[in-house]
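In order of appearance the chains are A, B, C, D and E, and numbering begins at 1 in each one.
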Amino acid sequence: MAEKEYAYYTGCSLEGTAVEYDMSMRQVFKALGVGIIEPEDWSCCGSTPAHTVDRVFAAALAARNLTIIEKMGTGIVTVPCPSCLSVLKRAHLGMTQDESFRNEVNELLDEPYEGGVVPKSTLQVMLEDVGLDAIASKVTHALPGLVVAPYYGCILTRPPEIAQFDDPENPVSMDKILEAVGVKVADYAFKLECCGAAFGVPKRDMVNRLTYRVLSMALEAGANCIAVACPLCQQNLDLRQGQVNSTMGSSFNLPILYFSQIVGLTYGLSPKELGMDKLVVSADDIVRSRITIEELAQREANAKAAEAEAKAAEKLKKAKAKEEDTKTEET
Amino acid sequence: MRVGVFICHCGSNIAGTVDVARAAAELRKVPGVAFATNYMYTCSEPGQDEIKQAIKRENLDRIVVAACSPRMHELTFRRTIEKAGLNRYFLEMANIREHISWVGLDKEANTIKAIETIKMAVAKVMQNKPLYSSSFKINKRVLVIGGGVAGMQAALDCGDGGLEVVLVEKSPSVGGMMARLDKTFPTIDCSICILGPKMVDVAQHDKIKLYAYSEIEDIKGYVGNYEVKIRKKATYVDWTKCTGCGLCMEKCPSKNSYDYFNFGVAPTKAINIPFPQAIPKKAKIDPDFCRQFTKGKCGVCAKICPTGAINYEMQDEIVTEEVGAIVVASGYGLIDMDKFPEYGGGRYPDVITGIQYERLLNASGPTEGHIVRPSDHTEPKTVVFVSCAGSRDKSLGIPYCSNFCCMYIAKQAILTKDHIPDSQSYVFYMDIRSPGKGYDEFTRRAQEDYGAKYVRGRVSRIYPKGKKLVVVGADTLLGTQVEVEADLVVLATAVTAAPGAAQLAEKLHISYDTFGFYVESHPKLRPVETNTSGVFLAGAAQGPKDIPASVGQGSAAAAKVLALFSKDMLESDPAVAKVNENTCVGCLKCKLTCPFGAIQEKELRGGKIVASVIETVCAGCGVCTSTCPCGAIQLSHFTDNQLLAEVNAICQK
Amino acid sequence: MDTLNLTKSLNLSFIEQVSKESGQNPSLCYQCGNCTAGCPYTHFFDYPVSQIMRLLQTGQRDTILSSKAIWLCATCETCTTRCPCEIDVAMIMDTLRIIARRENKVSEKDVKLFYDSFLNSMKEHGRLFEVGTLLSYNLRSGNFFADADLGPKVLEKGKIHFLPRKIKGRDKVAKIFTRFQEKAKKHG
Amino acid sequence: MSEVGPKELRIVGFLCNWCSYGGADTAGVSRFKQPTDLRIIRVPCSGRVDPLFVVKALLNGADGVLVSGCHPRDCHYSDGNFYARRRLEMLKRLLPFLGIDDKRFHYTWISASEGQRWQQTVTDFTKQIHKLGPLHSGKEAQQ
Amino acid sequence: MSLDKLKQIITDVMKEVDVVIGYKQGFDPLHATPCFITKPEQVDQVIWNPLCVQNLASYLTSLKKKVGVIVKGCDSRTIVQFMQEGLIDRSKVVVIGIPCTGVVSVRKVLEKVKHEPIEEVKFSDDGMVIVKTPSGETKMALSEVAPDKCETCQYPTPVLYDHLAGEPITSTKDPQSVFKDIEEFDKKSLEEKKAYWEKEFDRCIRCYACRNACPMCVCQDSCIAESREPHWVSQKSNLTEKMMFHMIHALHLAGRCVECGECERACPMGIPVNKLKRKINSDMKVLFGYEPGVKPEDKPPMFTFSVEEKNIEEHKL
């Protein structure tokens, strides 16, 4: 695995409000031996406003980066942000499937894009290229008591023609990765319901209501934490949780972690290098609950022993009772 | 050779855009044409008389009729010339209506095209040879595939008509889907109560031989003479000894077998009689669940059986039956729940299918007619019905309507209210399709008298919330998104072709559409015939249909069989392939490609090997002719020379 | 409500234009409502998305282009994913937005302003400058304190840069903008 | 041939009786207008069309040849069009090797109900042939 | 390979068959000719050298007796193809395979020596051919005068045999290059290709030597090129009819031609008649992954089908 190198398109959010996603993702990749290189002088992909202007224009903004990545020769670019990913994939697929579209886009560019880059989410690279076994093999710590509701957001797997990854109605990739690192996952029906992040700024009320639904469904599913793979979702659910509480009269206090942060915690990485302190809703309790897997094994063994003891006592009691019964019958 | 050419005006249909007089004049100049004329309506009685008279008067020996499509009137004119003493294959038609006058705007161009098209027909007819049918004996037994209501009807009608019937049913009992239904629309009478007597009739009819739990292995032969191999699947119970007492089922320790009859609503025993009214009422072991098979030890049923009918060593058995005609009534299937991830894809136990709900409603079903939620066995108060779950859904490759769901949903909504008076039903629908007799009134009744709330719109998703299922849909009439918190959701899952439909079609040499439904010979005028003579269709194997339509088709297919068998001999179509034994080199490539197995190897005196056509099996496709390198096998009426004559008539460099 | 005169208002060339630009055939829609049923934003729309589709089928150009719905759609792709007729509904909404922008018929000025602020930041710096975008949006929308409550939280976490990160190739990004604008001008 | 108008080219069509011939009939019944260049030869099945018929027509004066059968799986004879597909594909690839533009030969599947598709096919194919012009130059014609 | 070993094998095989087909010296030192050995004393006639060009498998379909036959790698494909088509009873054929290092094209040799009478032909161990004519000795490399088929030969060792006279040889020729000439030719303009074939076929004298030499032409006297029922070609000697004949030949061999090159060897006019068939073979490879005469269990692609053809896409207008 270690030899393989990927281009890593960070995207603007991960330089700003989602810096902890970037930090933790890089740490996890490093732990897994996945080499990543940041394309030199990348620019914003144009998500999300560009596509309201023109399809060709939107594709051109994305394709400028594809051209840069194509020259790097890695073949695959891995993208943490689903919004960027979707835009890059749309541009890539549109340009490889339709020649006239490609020509139109290339007319707007200084250097043409030839179609030699495959954009994949970081989630997809972890699941398909690294593999669950390899992911599991690096685990050194456990997070007992943590129940995670994985929240995929709307465009990570949709529409299936563009995303070409996981199930568009019931995605499981993040569930699988989290389970692989030994975290308990809640079956959760709102994995995909849009949280409205794209309108965070201009339509705050609308977004608060959508966010409210997602948070309350997670809580209902028994989760005490939400895992995300999208900077916009994270920002919306985390940063706006207070806003939601004040407008909707709720009292949510659900930490919203990037899946990479959770994986990083199980790898024994320090909370600092995973950017845990950057979260608005504190995840300190989760960090504090962390124990080593040896400790966990000890705990489990103790619990088992206790259970067995209790069972034996129960049995003894029953047998005694029976004895009493037969005695009474005899008499 | 004296060819007569008759050019039809078809009123103004042809004459309006083709100069028919000029065409006739041009044709008169063609070598071989002895007579050419144009006539107002050639297919009319006087028109046909004109042809007959001209044959006599002008001493014509070949006829070309330039008129409409041969698919329309070829048979008419063949009879006409036959009456005038010519062999019926001395006729060619030039299609100057559908292919010319109706589709070309320019009269000049049309006229030239018509003249050339008629010349092609003349060139071909001069190559035509007289062909004669031969006759052969019919085996007056009929095979019915499928023991659902359509197949049983066909079997009973054929049997009552005096024919011997072989009825093959894939599952352990006849009855099909109808036997699983609780009530039937629009009369709400009990399904098994009206079907049961028919099932008994099938079992007791002295003309009907029933093979239950059997499948078609192979079919050889042709109309009048089919040889059918039937696989009697191993039941591990000797049915000649089994009395159907049910003791084995009672004592069987494997309680978690999948219940195919009840569509898995509840588990059954590994040895079971599928339902109380089963015909034949015999037990059968499911080796996927039986401990004797999975673990290698148990033997409870063998110990308990009063007649010693259990036989764990039983093997499949192949039997051969000879019949003259086949009725295919192999029924339908239902789309899998896993096609609907947005509805849980089968993960939510309280999202069930319509047919599963029938079993919950049914007094002889696993809950004895009590409607309960599979998850916790409580009575649901809010039931949501989702119509078109998969039907009319191009994204799932099912663009068609499943025909009867609208009706059974209305029925189930009514029954729900009957069973649970304080319940409320919601029906999500796109259109209510109820064109049958008394059908629309019935769907109205569900709403007017039983208070079912019909919501026009699709359901986008279903998710669990606590003990409830939240159904999110649209009410397009209100123009809003709607939500229902349901206790139970019933999906009217789309009707598909029966599993294995395509493989059966291949064995029968009948066509099936992209969805696997069998294709009738003509959508309007030959609805139960197939393009393979002697094979007829009945019921939902041809396309989704309800009980009355299936029964009607069963009877119709039986009538077709009886009509076919009313004669002792059948006439073969002479437009089949013929082998020139002098030029045939015996390479037998034709045998390799014949789709019907109509070609045999034959050794001539002197040891020369040649191909030989079984005329009654040959369907006349001509694949052999285009395969044969030496032109020794020629499809009569479409020989190389006949087609070359047409090519040469228009391609002269 | 006035009678809708279908003879007069049926704008076939508009249907044609949308079909062509989106690559979708609106006639495929049979109004099942599944798009509306799954739409997370429908509560904020003036016309639910299935009605937008219906308005499109009946060629109601002005009603559609001045609707709020097309600007409130966040392209979450739920409608596209679930459409039984395999219509890319989100693509149609996108196309309608593009046409509305081109025709200067933007009903949701705030949304457009936010988008424009974003694009301007991008044109200027090559990447998104979050603070600048927000400030610029607030200034232009007159909505000076939008999300001001969130500022301190973010600030405290050290996530905000007060100076834009300018990339070397920002002139190249800007060139994409100018080329596109020139092209748009040329084609009217 | 003298009858062919100066604007018309010679196009030969081989249509299977059960599907495509019926489709052409359906187009007629629906009055779907078509160019007049095509001459139709009825065959029972596309599997009857020996590729040599196509060659024969093209070598002897046809400017284009069209073969149409039932859609795959819908063959009246169940398998005939499957053989046709292989043989005609083989021919289509061979023609350019001989110096004949493969655009002059088209094979397709049209059912009896697809009148519109038939109209479209005839119109497009005729257009295509006209774009290519006559296959046989005057000099050869004299030969 | 030693000739003695070959003779030993023939002697052994003689015991179980009625006739063994091999090569003997022809009418001049440059020609070998087929011989039919029915008696042990005839074994000594047998020769083996690069002049043994004929495809002896051609005889198999017309013989009813049990036969032993000597085949080179290329010829062996004929037998496999016969098996695929059910044209021979394998139990009646004993295949004596010879690993072949290449044969000569008599035509090419004669061109080199300007068609002078041949006095002697010798082959050196280092792959040279020495031809003696009245005007002296000419030395040429075997590869110089080999027929085209040897240049891309993939099967120097027979693909099937009962006895092998010698050690198996593996091909050193690039399998990707087999159809290079075909691909190159196909790149030419339509006009060029048309002109090429018109020029080539115009030279045809319709002697049918190509057809008669072809092992796969099973029709023999029933060939439709000469019949009136059906009447595909007229007896007119014009380009159209000549082309029609060659198209019949090519299409009847579609997916069957084992590329033994007998047609071209037999053509007195030197027309590249095998080229069309090789073009079709290249397509068979692309479309169906099929190569004639390699695996006995294969089915020739024109006599079978797949419901879903992976490599055939519907053509759009």
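In the analysis below, contacts are C-beta pairs under 8 Å (C-beta built on N, C-alpha and C of every residue); 3 or more make two chains touch, one makes a residue touch a chain.
Every value quoted in this text rests on a predicted model; they were computed, and no experiment measured them.
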Chains touching both subunit B and subunit D, listed by label:
E
How many hops, at fewest, get you from subunit C to subunit E via touching chains?
2
Greatest separation from subunit E - chain, by CA centre:
C
Judged by C-alpha centres, the chain sitting nearest the middle of the protein is B
Of the pairs D-E and A-B, which shows more C-beta pairs in contact?
D-E
Taking each chain's centre as the mean of its CA atoms, subunit B sits from subunit C at a distance in Å of 50
Subunit A-subunit D separation of Cα centroids, rounded to whole Å:
57
In angstrom, rounded to a whole number, how far apart do the mean CA points of subunit B and subunit E lie?
51
Starting from the mean Cα coordinates of subunit A and subunit E, work out the distance between those two points in Å.
65
Of all the residues in subunit A, which ones touch at least 2 other chains?
168-169
Numbers and ranges of subunit B residues touching at least 2 other chains
342, 461, 593, 627, 640, 644, 653
Residue numbers of subunit C (touch at least two other chains)
43, 78
What's the complete list of touching chain pairs for this entry?
A-B, A-C, B-C, B-D, B-E, D-E
Mind listing the subunit B positions that touch subunit A in their complex?
341-342, 345, 347, 461, 463-466
Would you tell me which residues of subunit D are touching subunit B in their complex?
1, 3-5, 8, 10, 12, 17-18, 21-22, 24-25, 27-29, 31-34, 36, 39-45, 47-50, 53, 56-57, 59-62, 73-80, 83, 87, 119, 136, 140-141, 143
For a test of understanding, state which residues of subunit B touch subunit D in their complex under the given definition.
69-72, 95, 97-100, 102-106, 108-110, 112-113, 115-117, 120, 506, 509-514, 519, 531, 593, 595-596, 619-623, 625-627, 635, 638, 640, 643-644, 646-648, 650-653
Would you tell me which residues of subunit C are touching subunit B in their complex?
28, 30-39, 42-43, 47-48, 50-51, 78, 82-86
In the complex, the residues of subunit E that touch subunit B are 85-87, 218-220, 222-224, 227, 229-232, 240, 252, 302-304
